[in-house]
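Residue numbering begins at 1 within each chain, and the chains themselves are lettered A, B, C and D in the order written.
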C-alpha cells in the first residue's frame, strides 16, 4: 500500500504515520516529492486494519498495490487451470458448450432439448430448477423435481448437467442430481452461498454480478476456492449500463482481462447478456474469437411458450445453425468442440 | 401491455397476435397508425407468458404499462405506511435515526456506542454481527455473539436494535435478539432471503442493491410483503456509477421517486453511500430536506482502529455535532426526532 | 405515441387528452383496460409539442413508438449503405482497416508509419492533428501542419487519410488535405460540428459518445445526413461504465444492434476502447467475428515515446502480427481486406 | 507518480525504469516490498511523456498522485472564490437563483417570465437562444433574436442574464447581449469552446458532462481559467446512470466533493437532473441543505405548450411556492437570497 500525504503535511504528521506502520511490524519507505510526500508500506499489509489510515491527519489518499485475491490470481498461478466435469475438461484446449432452457418445465421438454443440443454438439445441458425472478409473481422453478429431470437427461444422453443453486437447501439437493452448479449474477456476492458452493465439492460456474467489477468477481471466486474447491469457471453474462437496446451490455473485454489477471477458465453467455435471439450468434462468434473457453446458450423446444426468457432462446434449428457457423471459429481458436 | 408491430406488418401477422391474445381470454385493441399498428392488451396480463410475444412475426416491441409490484405500489395503497418497532414508529411524522458501528467488535464497544448515540438522539443502535465482505480474508463478524451484545445494548439503553441478516440461520438467530432486521445491498435480489425475512415476522429494512432500479427494489419489497409481512422500510445507500470520488453515488432523487410510486417509508444511509466521513453531514441534511423518513449513520468509538469501514465512521463528538446541526432541518421538515 | 392514463382517471381527463390530440389534426385511439386507459396517437406526431402531454391531469406516462431518426433508420432504408472514399468502399463487402498514430508528431514519423501500415494491409492512415485532451497542459496537436503531413503520406503511399476535426476552422482545413473526417466521442453531440461536417461534403466517421445511447448516436448521424451528406460511418469505441480494468467498456453488441436499426456501416476501435495494447488483438478478432465493417487501430513507430496514448499503441511488428492473425477471420466473414 | 513493478521483476528491469526517470532530470525513490517493488517519481512529472512507462518491461501499473488541474484546485487556492456578475456575487454568502424557460420563444414570453421570477426572488433570468437538441427535427432556438430578448429582459427587470453558447459565433453574439454564458453538459469537453469561453471575458457557468467525472469537470474548468478567465461557476445537473425513473441521476455528493477539491462555486440544476416537475422542490431543498451556492430552475409561463422541456418546468405559482419553501433552508445555510 502507498500512503499519499497532503501538500505541506508537517513532519509530525508524516512521523505519526510511519510510527503507526512500524508499530505493526511493517516498514515505511518515504519519498519526499516537490509537492507531496508518499510513504510506501512494505510487509504483510493484512496487519493494517482496513483503510483507516485515511483518518490520520494530513493523509490524502491510500493506494492499494496488491490484489486481495490470491488463489484466483494469475500472479501466483501462472498456468491456465483446467476444470474436469465427468469426462469433459473445461479449459484452454476445448470450446465448452452448455445449452438448454432457461427453466426446466417438464420432463419431456428437458429430455427433448437435451437430445437436440447433444446432436448439435453441446457438452452440457443447462436448465434452471430454481429461478430467481425479479417479481414474486413470476414462475419460480420446479425445484427438486426439476433436478430429477436433469439426472434423467444425463442418464439418457450422457451430457453433463448444470443447474443454478440459490441457497443451502438447493445445493444439498443439487449435489445428488447434477454435475456442476451455477451461482447466478444476483448471488455473486451472496458470500454464504459462495462458501457453501465451495464446500459442496462440485465444480462451480460463477456468473459475474450485474454491477460487479472484475476484482470483485475474482474475490468472489476466492471465497469458493478458499473452501478447498479449486474447480471454478467464470461466466461473463453482461453488465448493467445506461444502454437499453440490449438487456445488459456484454463486456467481452472481460475475456482478455481475466486471462491477464487469473488462471481460471471463462465462458460467455450471449443469451442473457443481450436478451435478443438475433444477437446470440454474432456475439457467440465474437466470444470464441476473443479467446473464451466456452459458451452458455439458451435453447428451447418452443420459445414462444417458454415460461421464462423466451425472447432470447433459440429454437433447435437455430441452435444447430449457430453451432455449424461457430465450428470454423472454434477451429481457428485451435480448440476442439 | 402494448404490442407495437413493425412497419408494413401484413394483416395476417396482426391477426395472429390478436388471435393469440383473445385465446387467452384477453381483449386486443387495435390502433392502425400511419407508420405502425399498435395493439393494446386489456385484461389480466399474467395470462400471457412473459415476453414471448416478441417472437411472433412482425412484432417490433412490447411496452409494459402496469408495474409488476402491487403490495408495495402507491396506486393501490395511497396513504404512507407506518412501521412500528417497539415503541417507535417509522413513517411520515418522525425522523428516525439509526446509528452505530459497521461491525460489532466487543460487548464493551457496542455498549459504549449505544449509550453515546442514545444521548445524541438516535432511536436505534445498528451494528453488524454478520458482515458480507468482498474479500474472504476480511473480518466477517462475531455472528450470534454479536447479536447477544445487541440484546445487551437494548437492555441497558432501551434503544431499538437492528442487524443485517445474510441467510436462514442468521434470521433464526436474529429473531431472538434484535428488533428489526436488515437486508443488505448485495442481497437485495437474494429472493430466498427476502422470503425468509418476510416469514420472520420482524420489521425489515431493505437496502437498495448496488445496481438496482427503483422498480426492482419495489419488486424485492413485494417478495417480503407477499409473505404476509407489511413492515418494510426502504434504505437508499448509493448506487454504482462511473464516478469514483465517492464509494457510491447517493441517489437522493430516489426519495421523491419512492414517494411517488410507493407507500413504504424510506431512509437514507449517507455513510455507506459516500465512504467519506466529511460528506456524511451535508448529505444527511440533504436527505432530511428532500423528505427522507430517517437516516442510518455509522458511528464508532475509535474509527482509526475500526475493523470495518473506519473511514466513513463518525466519532462520538462528530455524531453529536451532526445531530445538533440536523435538528433545525428536522423541524423544518415538520418531523419529530 | 401512446399515452397511459393513471388508474381511475375520470372520463373528463381522458376527454381532455383526446380533444387536444384531435385539435392538432391527429387521431386518438382509446383502449380502456381493467386498470388503466391507454390512448394511441395516430398521425404526424411532430404536430404535438415535445412531451408536454405528461403535464395534463391524470396522464401517467408517454411511450414513444417511432424513432426520431429517419435518414439513418433501417426501417426506411433496408439495404446496407456503402461509403466510397477515394478508390475504397466501406461497407458489407470489405473489412476496412484504418491505422496510425493517435497524434501526428513529425512528418517523418507519419510517413514511416504510413508505409508500414500500408505494408501490413491497412486502407487508411489515421492520425490526429487536432487533439481534444482532458487537461489543457497535454499535447494538443500540430493542427494544419499535421494535416499537411497527412497529405504527404497519401501522396507517397496512396493510402486514404482520416483526421479528427473539432470545430469549423479545422473542418475548413481538413477539406483541403484529407479524404475523410472524424467526429470524436466527446463531440458526438456537438450539434454545430455535426452540421458543419454534414456540409463539408467529406465522408464522416462518427464515433459514439462516451455515454451515448445507440438512439442518440443515430440521431447524431441524422444531423450529418440531414445536411445532404449520406456518407456516414459509425465507430464503436467503448462506453463509460463502472468497470475500470479497461479505459472504457467496448460494447460489441452495438454491432448487431446497429445492423438491426440502421443501414450505416459500423467499424470498431479496440485501441481507444481498452487502452491496453494486449487487448487489441482479441477484441479486433471479436469485432470482425460479430460483423463489424472495419477496424481502427493505433500504431506507433515508438510507443514508449508517443506524445499521446502510447500504452494502447501497437509497434509495427505487433500490427503486422495482428493483421496476419485477423486474415482468416476476415475470410470467414466473407469480406475482402 | 508511482510506478508499481510486477512481482519478481529482475533488477535490470527496475534499473531501466529508474534510469529513464533520472535521464529526464527527475528523482526515483525505490521501495522494495515483499511482493513487489514500487518506484516513486519525484520532480516535475510533465517531463515524462504521458503514461508510456507502462510499456517498459515488468511495469505493472502507474498510479498518478497529483491532479492535473492546478488553477481550479483547492490545494493551491484554499479560499472559496467569489464570481461577480453585475451587482451580484456568486459564492459562499449568497444563494444564487437562476430561473427561466428552457428555450426563449417570444419576446413577450421572456419578459413575462423575467418579471415573475424576479418577483419570486431570482437573481438571474436564464433562457436558451441556442438549443442543442438530440434530434435535428426538434426546435433549435431563436439564436441572436433570442439574445436580444434577453437584453430587453435585463433592461426592464434589472435581472442578470445567462444564456448557453454552442460555438464561436454564439459566444461573439452573447458577449453583446448577456451577463454570463453557459457551457452545456454535451459541450463540457468541447475544448475549443472552453478556450473561447475563457477568452470571452464573460463569467462562465460550466455544466457537468453527462458522464464526466469530477476530475474531468475540474480539468474542463482549467481550460477556461487557463485563458485568463477565473470567473467560473460549476453546475451539477445530473449524470447518466442505469436508473430510468429520472432523466439523469442528480449527484448531490458532487457538492461536498467539489468543496473538498476546488475553490470554485457550485450550483445545482434539479430541473434538468430529474426531468420531472414534482421532484424539483425536494431536490432544490436538498441542494441548499448540502451546501450548494445556488440553483438553476426552469420556469415557464405555459409549460403545457413549451417548445422544449415542458415536463420539468414550473408554472409561476409553483415557482413562487418553491421559493417560499426554500427561504428557511437558505436562512439555515446562513446565506442571503
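To be clear about the criterion, a residue touches a chain if its C-beta (ideal position, glycine included) is under 8 Å from a C-beta of that chain, and two chains touch if they have at least 3 such contacts.
In this text, all values refer to a predicted model and were calculated from it rather than measured experimentally.
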Chains touching chain C and chain D alike, please list them.
A, B
Greatest centre-to-centre gap (Cα means) from chain C is with chain B
B-C or B-D, whichever has more C-beta pairs in contact
B-D
So the centre of each chain is just the mean of its C-alpha atoms; given that, what is the distance between chain A and chain B in Å?
26
Rounded to a whole Å, what is the gap between the Cα centroids of chain B and chain C?
38
Using mean C-alpha positions as chain centres, tell me how far chain B is from chain D in Å, no decimals.
31
Of all residues in chain C, the ones touching two or more other chains
211, 240-242, 244
Name, in rising order, each residue of chain D that touches chain B in their complex.
211, 213-215, 239, 241-246, 249-257, 260-261, 273-274, 278-279, 282-283, 285-291, 328-329, 332
Applying the document's contact rule, which stretches of chain C touch chain D when the two form their complex?
46, 49-52, 54-56, 68-69, 132-138, 140, 166-168, 186-187, 189-193, 195, 210-211, 216, 219, 222-223, 226, 240, 277, 303-311
Residue positions on chain D within touch of chain A in the complex are 2, 4, 6-7, 29-36, 38, 40-44, 63, 65-66, 75, 240-242, 244
